[in-house]
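Here the chain labels run A, B, C and D in written order, and each chain numbers its own residues starting at 1.
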Amino acid sequence: MTDTIGGVRIEMTDAPDQPAPSEQLLALYRGFEQELLVPLWAEIGELMPAAPVSRALPHRWTWSALYALARQAGDLVPVGRGGERRAIALANPGLGGRPFATPTLWAAIQYLGAGEEAPEHRHTQNAFRFVVEGEGVWTVVGDDPVAMRRGDFLPQAGWNFHAHFNPGDAPMAWIDGLDIPYAHYAETTFFDFGRDRIEDRSAPETSKSERLWAHPGLAPVAAADASVGTTPLLAYRWEHTDAALTAQLELEAQGETHTIEPGHAAVRFLHPQTGGDVLPTIRAEMHRVRRGAQTAPRRETGSSVWQVFDGSGRVRVGDEEWSVSRGDLFVVPSWQPLSVVSEASTDDSDSGALDLFRFSDAPIHLAMHQFRSETEDDR
Amino acid sequence: MTDTIGGVRIEMTDAPDQPAPSEQLLALYRGFEQELLVPLWAEIGELMPAAPVSRALPHRWTWSALYALARQAGDLVPVGRGGERRAIALANPGLGGRPFATPTLWAAIQYLGAGEEAPEHRHTQNAFRFVVEGEGVWTVVGDDPVAMRRGDFLPQAGWNFHAHFNPGDAPMAWIDGLDIPYAHYAETTFFDFGRDRIEDRSAPETSKSERLWAHPGLAPVAAADASVGTTPLLAYRWEHTDAALTAQLELEAQGETHTIEPGHAAVRFLHPQTGGDVLPTIRAEMHRVRRGAQTAPRRETGSSVWQVFDGSGRVRVGDEEWSVSRGDLFVVPSWQPLSVVSEASTDDSDSGALDLFRFSDAPIHLAMHQFRSETEDDR
Amino acid sequence: MTDTIGGVRIEMTDAPDQPAPSEQLLALYRGFEQELLVPLWAEIGELMPAAPVSRALPHRWTWSALYALARQAGDLVPVGRGGERRAIALANPGLGGRPFATPTLWAAIQYLGAGEEAPEHRHTQNAFRFVVEGEGVWTVVGDDPVAMRRGDFLPQAGWNFHAHFNPGDAPMAWIDGLDIPYAHYAETTFFDFGRDRIEDRSAPETSKSERLWAHPGLAPVAAADASVGTTPLLAYRWEHTDAALTAQLELEAQGETHTIEPGHAAVRFLHPQTGGDVLPTIRAEMHRVRRGAQTAPRRETGSSVWQVFDGSGRVRVGDEEWSVSRGDLFVVPSWQPLSVVSEASTDDSDSGALDLFRFSDAPIHLAMHQFRSETEDDR
Amino acid sequence: MTDTIGGVRIEMTDAPDQPAPSEQLLALYRGFEQELLVPLWAEIGELMPAAPVSRALPHRWTWSALYALARQAGDLVPVGRGGERRAIALANPGLGGRPFATPTLWAAIQYLGAGEEAPEHRHTQNAFRFVVEGEGVWTVVGDDPVAMRRGDFLPQAGWNFHAHFNPGDAPMAWIDGLDIPYAHYAETTFFDFGRDRIEDRSAPETSKSERLWAHPGLAPVAAADASVGTTPLLAYRWEHTDAALTAQLELEAQGETHTIEPGHAAVRFLHPQTGGDVLPTIRAEMHRVRRGAQTAPRRETGSSVWQVFDGSGRVRVGDEEWSVSRGDLFVVPSWQPLSVVSEASTDDSDSGALDLFRFSDAPIHLAMHQFRSETEDDR
């Protein structure tokens, strides 16, 4: 129960030792207001809850709606210097209309029409792209054009110049993930414009980055001791991710236990020079849930955004439950339990698994010694 | 220039490639709204500025005003379970009336009357106390009562039970610093009640923690390999801090250069098991500026709170400038340059230096590879 | 110049302050001897030279001689419990007949005939296998049989059970590298016998380890946070190593500089959970020197063993120079400069590059802050 | 049982699969010898024992004998450039007459007469001094003269220039500890001469190093982020060490358990910028065993050297047992159990505790993942 005295909100609780409203208290609270002060005892319930309470809400966005709007934007909104990117961001319904999927994470669909180019810039925000469908766009990082194709994960550590161009005759859309809300909160953001146009339009199948770094367990000696601030591997291709998930489930079928739980395989994207998370602020993973399997409810501190890469199923986050299929995105707020069922949708003859791409802010909470996770069994 | 179409704020800029307002665009923006989406191009200026722009404002609170209100609260507001602490927090004028000194940091005056006790609890937030005047309160951490006296810095890493009691016959006030705003933002907060009353009222001069750990460069072998999540040293006494600052200025007078700049000595409080910052989220330092000296304007990513411990002078933060003396607090928002002049106030016959306690959120930004600092010379 | 008084070797130098031989000095030295003492001034020249002086000598072993003796041992020496392995080790001519390739490193040819098995054991020594020719043997690590084929690098971190079996009808030989001399020196060695015979003779093309870990930049989530003491990736296949070296030289031909020096590509084998060296004590690399190219003389603290994997050339180590071709091994002692020329041997119609496998003790010296390296340009 | 064929030592065991001596085997072994090869099966028993077997032997040196010889050396052996130091090293009886206390560690008594100076030099070996009695010598590190007094521990990280001078009118002796045997083994040693004579003879009570760093938990901000290769704190004074040990035993008497075991307190010397061991290769500790107490037998991988600082008692290492009193040194080889009894010697009216200084090579084995320790209870 809350009351207001002198414009100041006061928690009126049954707990002992709370001040009784009085004229003197009113005068005191006016003094607080005047001197830009707020008493802890009026705020402690919200600031120091027994367990994390997220302002973000569980929510699902369907790919069909998202894509339709992105295509319309492709017709109406030019892409170029100033607006920089034709990106349309998820705005969590709990976060006041800001383009924040969660308090820390940005997730947007970006759309680039045939022949278009998004101009070069760099920013301290960490970013990645993930491709749920289509191909034909190259992201140019420095002087390295990196092809984008279905299933690929393309990290982009902060403060590297990058542009995107679409040399083909079909549009392409993909997902951008960034730590924009976190960086905005942390007030550590720097931004620079780069070249307005990349002259070199070479569009190789394989980037220089991959030619140097996409060999399992191998580093170029000339770069092995370099600063590890920036991920040198710019593309994690679907063929590798798929093979890794397939192997985990095959091994499980042979009695080995390298999955998270029965029927639930997952891989994490690594920074090859540290063996840790691919970006300082963002953890990224691909999960595969065998058709018919169900994951145990699990919660953790910090938030994540998920996108269905393939298959269909039902997802439960806290008290919400949705059916999901390819391209759909959903958000898991801090400390909300998540469970997933892999099952055919009514109009789905696919017999395969449910593949889910996921990214989270776990590296932040791990570094601050604030990461906790639990399943129901842990409690 | 900003305009609003269909309830959505749109940045209208002179930059190329911005969409021209039209019926179709209006329909598109309505679609965005309906689907909980926000276009990047309408927000990029605020989200991705060329350099950090803080919502927080530079501000100073005078100790006299703060202490007077705290004393009144001592008369009117009981301390006990529920409200937990008689703490009154700085509310930065740029942060919407929340009890946040900066976007990440909490700073409050806490007041405990003669014979009073603040009940035991624990929380994942990291905390410390700093004593600008007075003595007579013991902070009990687990079963270790730690005396609090002028000049002492007392860290309190997250998730340790602690209470405060005042066995004497005079009230005492001090400063609490925590990462409450950060933890609130990060949504990683856990909280537990402890004992309502600490039966053991022993009040030793020296805590067990100091007897074990306050020996320069020495660790108990039985604890040396223990987990380093929690600082084992619970009090950094003024006599040591003062001696360290004195030595830096004496060595400078002998021609050695161990100060930050001429006339400006500073020490950082260390976690003795890592050699790094005393708390995962908070850096704490004591600075001494020789009477007559002036510090070069310096700015860094992230925010800090400063308190004058002794002496007087003028402080400039961004476009603001204040006179300050003992106990006054001020806030330096992210990327705002700070400079300090140590000089006698008009009513001050003290010939000594200006001593400033400071805490900041630097460890967060260092861990996320987002820390930058510069003086004018660096530019 | 050295003299001996009373059985104690004395350095007689022209330096000032050396003691003049006398009866009293003789008595003093006898006292030292009796009390098990040695004066520094008699030893400092050898113990504290201006730069590292290795007891090891540069030396080359030819593969033809080594293989011929291993094949004879295959006829004469059974393999089994007690002797454990039919391994024949390089004995550096400077190291007193001990089976030590360098003061820290062991290198041996191991030979396993058709149908033979080397029994399971484990030891704290870190090990690897490298295959210069042939195939057909499986190394079983725990319950994971790992195929061995030409060009493969197979690390084996300490204290894991392992056996080898040859299920085919042809013998196979390969190189074992270990830190046996280091561990012998450090006196930290533990050893356990395992099963006398591995019942499960499954011999898959791909090990479980690779199915889980040999995907570039990917880790199984279920294992990602596991202890990093042991490398989880048990085979680094030649196809990947070859592709990585090829890419570096192709990029060089396009004007990129990711090689160590012109015509000299190299990759390092990484521990996928740390991004660092593959074993705590051993660094392993594959180098490729383009036909016609020559590497600049380079020296470093610590020693290494090299094996020619393909091609031919000339190698200069300190004052020694040899022609080398496939399978030949040579040793580079601490601080001895090495340079390599890639050129056709007289009886060699091969037009390809010189491929060199290398392992060294660099991780030890890096961890102790004792690693230095330089080329002539650095001096 | 060992036999020799063709000059090669062969282990003759009852284990299966050992080769039967024959003419062909003899020829094979001659081939090995000729090609500088050694078979594993002839050496495995010594190279790969079930648990560490040290070449070093437990041994005790008495301070009286050591000091008497040092004093004689003071009369007979000048100190100066060339010999560099009047240091007399412990030569472990198991290590072939070399001046090695253990395979990794050097321990020597150094003696400097009134007015003498040991000339400046630097070396990559890590060093320290420990003072069991006397005072009056200053170690000059760079331009910082550091006084040496009973009970002080003075670390000296590699590659810093240092000299010693005795400005007083009495001689002084102390213990030098270094990693000379390790560095000699590792072949990573560099050495430079410095100034022949330090002109500045200032001899302050407190070094600059201590004035900057000997404040518990405090670092100069101007140096806090500096490279951590070199310990910045050059003296750990006895008053602090004594106070820390006293506190542990007092707390134990109050029912707290911060000692290693009942009656056995210990502190470790820390590198203040890392919180870890004071030197990259050397761990240093001071132990105090209450009169009447006895330590449980404990063994660890790696070796250590101990010196009695005060009190008396009996020491058991492996099968050896000695009475010890002030200044006596003894060596504990790898994996040999050590236990200590604190008791009055027959001619000792002292009722105090047994204080023991100790240094070991543990940091090396920890970094290489080869450190193990156990008490009898662990087995």
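The rule is simple: contacts are C-beta pairs under 8 Å (C-beta built on N, C-alpha and C of every residue); 3 or more make two chains touch, one makes a residue touch a chain.
For clarity, every value in this text was computed on a predicted model and none was experimentally measured.
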| item | value |
| --- | --- |
| Same-residue or different-residue interface between chain A and chain B, half as cut-off | same |
| Chain whose mean Cα position lies farthest from chain C | B |
| Mean-CA-position distance for chain D and chain A (Å) | 52 |
| Approximate Å spacing (C-alpha centroids) for the pair chain C, chain D | 30 |
| Topology of the chain contact graph, where touching chains are joined (line, ring, star, complete, other) | ring |
| Touching chain combinations (by label order) | A-B, A-C, B-D, C-D |
| Chain A-facing residues of chain C, complex | 208, 211-224, 228, 233, 236, 240-241, 243-244, 247-248, 250-251, 256-260, 265-276, 278, 285, 287 |
| Residue ranges of chain D in contact with chain C within the complex | 13, 15-19, 22, 24-25, 28, 31-32, 35-41, 43-44, 47-56, 59, 61, 65-66, 69, 72-73, 75-93, 97-99, 103-104, 108, 123-125, 158, 180, 183-192, 229, 280-281, 301-303, 333-335, 364-365, 367-372 |
